[in-house]
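Below is one structure. I have some questions about it.
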Amino acid sequence: MKSVKKIQFVNAEDKQEFSKFPTKAGRRSLSRSISQSSTDSYSSAASYTDSSDDETSPRDKTQVNSRGSNDFCVKNIKQAEFGRREIEIAEQDMSALISLRKRAQGEKPLAGAKIVGCTHITAQTVVMIETLVALGAQCRWTACNIYSTQNEVAAALAETGVPVFAWKGESEDDFWWCIDRCVNSDGWLANMILDDGGDLTHWVYKKYPSTFKKVRGIVEESVTGVHRLYQLSKAGKLCVPAMNVNDSVTKQKFDNLYCCRESILDGLKRTTDIMFGGKQVVVCGYGEVGKGCCTALKALGAIVCITEIDPICALQACMDGFRVVKLSEVIRQMDVVITCTGNKNIVSREQLDRMKNGCIVCNMGHSNTEIDVASLRSPELTWERVRSQVDHIIWPDGKRVVLLAEGRLLNLSCSTVPTFVLSITATTQALALIELFNAPEGRYKQDVYLLPKKMGPYTNINQLIFYILFSFDSFIFLLPF
Amino acid sequence: MKSVKKIQFVNAEDKQEFSKFPTKAGRRSLSRSISQSSTDSYSSAASYTDSSDDETSPRDKTQVNSRGSNDFCVKNIKQAEFGRREIEIAEQDMSALISLRKRAQGEKPLAGAKIVGCTHITAQTVVMIETLVALGAQCRWTACNIYSTQNEVAAALAETGVPVFAWKGESEDDFWWCIDRCVNSDGWLANMILDDGGDLTHWVYKKYPSTFKKVRGIVEESVTGVHRLYQLSKAGKLCVPAMNVNDSVTKQKFDNLYCCRESILDGLKRTTDIMFGGKQVVVCGYGEVGKGCCTALKALGAIVCITEIDPICALQACMDGFRVVKLSEVIRQMDVVITCTGNKNIVSREQLDRMKNGCIVCNMGHSNTEIDVASLRSPELTWERVRSQVDHIIWPDGKRVVLLAEGRLLNLSCSTVPTFVLSITATTQALALIELFNAPEGRYKQDVYLLPKKMGPYTNINQLIFYILFSFDSFIFLLPF
Amino acid sequence: MKSVKKIQFVNAEDKQEFSKFPTKAGRRSLSRSISQSSTDSYSSAASYTDSSDDETSPRDKTQVNSRGSNDFCVKNIKQAEFGRREIEIAEQDMSALISLRKRAQGEKPLAGAKIVGCTHITAQTVVMIETLVALGAQCRWTACNIYSTQNEVAAALAETGVPVFAWKGESEDDFWWCIDRCVNSDGWLANMILDDGGDLTHWVYKKYPSTFKKVRGIVEESVTGVHRLYQLSKAGKLCVPAMNVNDSVTKQKFDNLYCCRESILDGLKRTTDIMFGGKQVVVCGYGEVGKGCCTALKALGAIVCITEIDPICALQACMDGFRVVKLSEVIRQMDVVITCTGNKNIVSREQLDRMKNGCIVCNMGHSNTEIDVASLRSPELTWERVRSQVDHIIWPDGKRVVLLAEGRLLNLSCSTVPTFVLSITATTQALALIELFNAPEGRYKQDVYLLPKKMGPYTNINQLIFYILFSFDSFIFLLPF
Amino acid sequence: MKSVKKIQFVNAEDKQEFSKFPTKAGRRSLSRSISQSSTDSYSSAASYTDSSDDETSPRDKTQVNSRGSNDFCVKNIKQAEFGRREIEIAEQDMSALISLRKRAQGEKPLAGAKIVGCTHITAQTVVMIETLVALGAQCRWTACNIYSTQNEVAAALAETGVPVFAWKGESEDDFWWCIDRCVNSDGWLANMILDDGGDLTHWVYKKYPSTFKKVRGIVEESVTGVHRLYQLSKAGKLCVPAMNVNDSVTKQKFDNLYCCRESILDGLKRTTDIMFGGKQVVVCGYGEVGKGCCTALKALGAIVCITEIDPICALQACMDGFRVVKLSEVIRQMDVVITCTGNKNIVSREQLDRMKNGCIVCNMGHSNTEIDVASLRSPELTWERVRSQVDHIIWPDGKRVVLLAEGRLLNLSCSTVPTFVLSITATTQALALIELFNAPEGRYKQDVYLLPKKMGPYTNINQLIFYILFSFDSFIFLLPF
């Protein structure tokens, strides 16, 4: 009976509270909208999933894996073999994590750890989960996003015996039901939390306060989740040490400059098949994100100019060979407009009005409000969805502007994040778990920490970077350490 | 009754003859194999098509467009609106063709032309067909490839009244049936042929010799088709002037250096989600294709080395900052191996044996035999298809090599060709048709020609390049001509 | 009578003290050695000077400028016209300073300032001095380096009426004599000090303590001088506010990344005429200096690899497309070895022994000890000075290693520093003087300061950067401030 | 008695004839003007020479080398040791030539060759001459340019016993006297000619016709000289086979793209100390020279745009990421204007009038007339020579334009040509001599030839390129041949 499985909110307020939370910025909030999920729309694995016409809710199915266990809830356990292949592909470019697995699996530094996790369920995160298991941990897992789960991969994970509760296209109710099933297991008490967005943490904090108090540590990856942790800490309610993975040097260095350098090309190509050579591009903002975008576009023959209000960044743009311009001066000639300022209304309706026919507009910055998309939702303009994540906005005179991802983050919406980068974040998360789990009494108080630079054998930033470096090629890189 | 529509070969020999022809190298031959079609697997429009579960053959359907015509055969005429959107997207980056359309549609230089065409049926080719119509031509069209048709786009074309006979997944018999329906129309005699691969030309030559003799000209785009034309010409059987578009300077300049510069990144990214930064790549061959690949990969932070036997190219590689190496010396350290030599067995089984785990191998060169794929089909190796166009070849010790597109051309199999480039080829084809149709008596004999450098108002190479240049941005490019 | 002009040290200890000071690191200390002056050897103006065979000491000459003044001491006042041309060239690329001059000369923010200055006397510094004068200051000047003075330029400055005491090839005694003449002027008491190296400051502090106490501020540009100021401050003896120009953001950004990007090419080219294309280069250290060197060399076709011990920098090198290696692994193949680590003995004698014939070795780092040059001064090796700043070290088997600038800073010794960069430093110095001179009582204590980010109309860092940006091209750069 | 040594022209016509010849384009013609010699002004060796105040003509001196020979005429035989060092430096980067020397000196393929040569006398050419001697040849040498001789290097050559007649600053009469002394030696009859400009060839042809007829071959390097040979050949007067080195593939590939890539930076830096980062540069012409200039400038952070009238080149410029503009549209904003079109009056007086203050103008193209320098020699403009090869042209309103090398070739006038490049030309010359000297009867007629692609063991182009490639680094480059 379906109602049995219905998530039980204690009361209406409670439900409201869990609903109101802004979840992982730029990811879950996006994908809960009626537009297609950001994360999976260009996922290469989508084809396997798409063919499934099974409309039964996983909550209503009875499935058993080949070990005889039914302690999981996925779309279709029979897709496990397909999912295993995706995981194997992912492993190819996640050698930082594999290095850690090989080095530490003898010692099992996570033996005794009982981890509840809430992340995207993709091939890459499963490589991490399986690494945690290889290091001795017991894990139970759920999805941080109702659209981003790769069903085959979830099946593959369930097949290995890790209880996982996730499928693509969960409802809001499903979402919390899964989290609850993940935490609430007879005779099994979590002592570590790995979270991405803070929903799991909040659920445990609210619903299972006694469990929460006994947790040895929380590892959080997202901006939103970290923000919530700092709020808890400020309010004196954080009774557990937490590790902020989001602000680790590796994540900052990669997610901005290097990642954007590749994903700007990927995102534009997959959505528009544009040829970069000879295209006139204006990049708004010359911070790390802007620098990455400009480097790649210039290298492929685009003619790039910059808008920038910070004088130091403007000077760097000049010295790097870019014209620094006012957007309004150049807007009429541009083929592509890319925002990465972190500010609001960088591209205004007035500027959208002046763009030439066919101009592509997209956002690589943090905020969804860099392009004034709201101003385009007016009666005189026609919206035409020409592809997933691609809208033509048509002016009365027939002029079209090509808007990508409705102004949301292009690299999350329209390109894949390279496995290599995910590997670095995942390795950082694993090291954070090891550190918190093994830290001697008193090293960490009830506060939010960054991964230390130097410390235990596995758990400092330098060691992490060595793992990454080793992943390039152990034969060539003979670093003197 | 289906048999009514069955293509009627005159006799068995005839059938054999039409079957034996190697068709458009690297395109049709590939896609007729049981592996998935090369051209469409990464087409962004695939999603619309995939959802169709209609298994009825288009030949057995009765369809009528909104003008009341049934002189076409497509998958589903109702998809026309979706297809129109794809065409509109394509038009955005095909301004060379649009420039020609705008400039010449008043004068209608193709008035009176009756063109039978056989090309891929994609959004981009339809922009060309509709340009021909705008310039005054009557057109009938069919597909040169049994897998590459975008069904929605074919529907959109049929909806406008152009008789088109093509769908994705034709059988061999369907293929010839469509060609015949295209040519054989009551009271309509073609006087121009536009071909891609030579199948249509051959069919007309064999089946409708009297039509063939009256044709004013043939325009052929592919290597294979051009080769066939030269053979006919040598044999004294080419009674019609033909234009070789394949060897025009614009195609040579674009399809190699500039196209490969972008498609190597796209092809690798879509299949493997690899991060380029820090990857060790060996590119075999430093011709135009190799130069394009190396430029892009180096720019995105890959560490690239070269193998090259031509001393001039080797010297260029050195001066451009690449190490020139022997493949066997470096094979063990490489993350990616790319062939673009035009020769056979550049990557041998012995070298495949020595690659490290996870090494990606692919081919950007002409031949499908640059990588010795045949040697990998041996019992001790396990093949695992992990994604469309991606195989893991697994050695007994567990080592995996990632083979893309089974060694076929990566950029045709796994990336999209930028619309901009297709626009150039399409404009060249259109100019060639105009030139042949309007040429005064005696300018062209029964021979194969290249588009002249200077001549009529629309039909020379320089004019073509102006169209292309104008397409960049008419405001900025104030060339003094 | 010459003895009259002999500098009078109060006593022997005193003399010893002034002699012992390490002066401006990498500049004066170098050029006081018997080897040729670092700064001028590749100065383009050298030709005018070289032809002079006048051996009389300027101290023994009587010279009068066209205004009738003899309050200066330069090599030859008649060279003023040549020097003026050098100054005019310099002005071309110093528009930040010229912008300041134009904007502020009406208001004369330095009216009343009496500045004693001790810097290199070059065309670029004279543009600064003349800017100070244009803003209302009275100036007296001397050289911070016994070799770096451009005689013609000093003459041109003297000709305009600024008392300047400097010539190329001063003795130690001349050096202090000039400083004293600069400070010690009847009825004229300095109220500001602009110093480069700290010698002038120290002389005033020791010899004219009453003047020192009345000074409104000191502006210091060099590492050494800033270090001395901090020592004074720590000892409680700094009774004057001082401005540290060396650590300003503009200097840090320019003197490292952008400057080195250009000067590595210039330094290598002028000394060795090497062609960069195809050369194998190892750059030791991937900090800002190393990044600048690598960018330039890679762009010109060199094949560059890196040694680096800091994991973050090593990771950046990987992601930027450089092999990260152990020096000992690659040393035998390298054509050029460049150190920029800031550490000692990066290139050891053992590695020098293993270099191939003709290998070029040079240093771009701070320390003169990155290359173990001392180890090369052993009897079995022959040194051959083949050009200014270029030595061949010859091994017994005939192998030659080409050592540049005896391991000192290549860009100071063998290339010119672009005028544009000097302009930025000079503008910073001028703004610092304005700020200190005009600051309201109490804003600055007896301490060492950095130029504030925001403050008065001329005197903050942002304003400075605007001046620099405007200097690119006021028409193109329409920054929104 | 001086008159004894005066060159004896047979008659006035004769003298006129030898005077009228346009000699080596862009080299000798330039340096004979009263302006300073193009080739040596930035030669690093100039310092040794400058100090010489010996005004006696070498023709009036009696000098003997250490072997007791006086069969030479140089400035000062005592400078031989300094010159030897320059030669040793040059050898470091001439390994193609050294490879040839090592490989062939056992076999002595030039044994019996008696070569008269007329080239620039620099360290690099002496490495070639000494290679010819090492391969068995007897040589006598003279200078092809009255200004370009490095006196010390000539002394070093004379010291080894090669009769050489050359000094820096020859008069016209000296020039022909040296050529005559070179050819006219008692009992020694030249059987090979190596020429650069055609003056030596012409002298022998006119003055020593019987020697000319017995010569086995002529090798000519310059455009002018090759042009003269073709004229002779057309007129049926070329009774000797000649080898055109100027048009060999190696020279074409290097002297344009790769050389200009480096020399544009060097030429601008040495004359103006300009910082490239952020500078706005227009390059007129996007042929090989333009491509080289643009690549380098863009890489160092200049903002480069292009003017181009050839549509293919314009398209390449677009695809390579440069704005293609009209010069008149951008001229007001440019910091640097570079011509490399091969056409006349690319930069007109009107455009010079519109340039901004401080704009640098220079020419990298063939012709000295790309910039309309003549139009600047008008009374309202003031010329100020601020440095060797650098003029300020001053407008009545004070605006200055910085003109380099009076519009002549920048890379010949203001930068050094990399030794590596000279090595390639020199090796080509040596191979051409070997080929002509050893060719079997009948292989070469009385005509002008290019070096064959494949032939004898030393003497084909492929072998030459191998020598060059080996010179990069024999350990890394394991080419499969």
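Going in written order, the chains are labelled A, B, C and D, and every chain counts its residues from 1.
Criterion: contacts are C-beta pairs under 8 Å (C-beta built on N, C-alpha and C of every residue); 3 or more make two chains touch, one makes a residue touch a chain.
It should be emphasised that the depicted structure is a prediction, and the values quoted were computed from it without experimental measurement.
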Between A-B and B-C, the pair with more C-beta contacts: A-B
Size of the rotation, in steps of 5 degrees, that lays the CA trace of chain B over chain D: 180
Most distant chain from chain B by Cα centroid: C
Chain A and chain C: spacing of chain centres that average the CA atoms, whole Å: 49
Between chain B and chain C, centroid-to-centroid distance (C-alpha), Å: 61
Euclidean distance of C-alpha centroids - chain A vs chain B, Å: 37
Set of chain A residues in contact with two or more other chains: 258, 277-278, 300-301, 318-319, 323, 472, 476
Partner chain A, residues of chain B touching it in the complex: 44-45, 47, 50-51, 85-86, 88-89, 92-93, 258, 261-262, 265-266, 269-280, 295-296, 299-301, 332-333, 335, 356-358, 384, 386-388, 390, 392, 400, 402, 416-421, 472-473, 475-476
Complex contact set, residues of chain A against chain D: 277-278, 298, 300-304, 318-323
Residue ranges of chain B touching chain D (in the complex, touch as defined): 249, 253, 258, 308-309, 311-312, 314-316, 318-319, 323-326, 329, 462, 465-466, 468-469, 472, 476-481
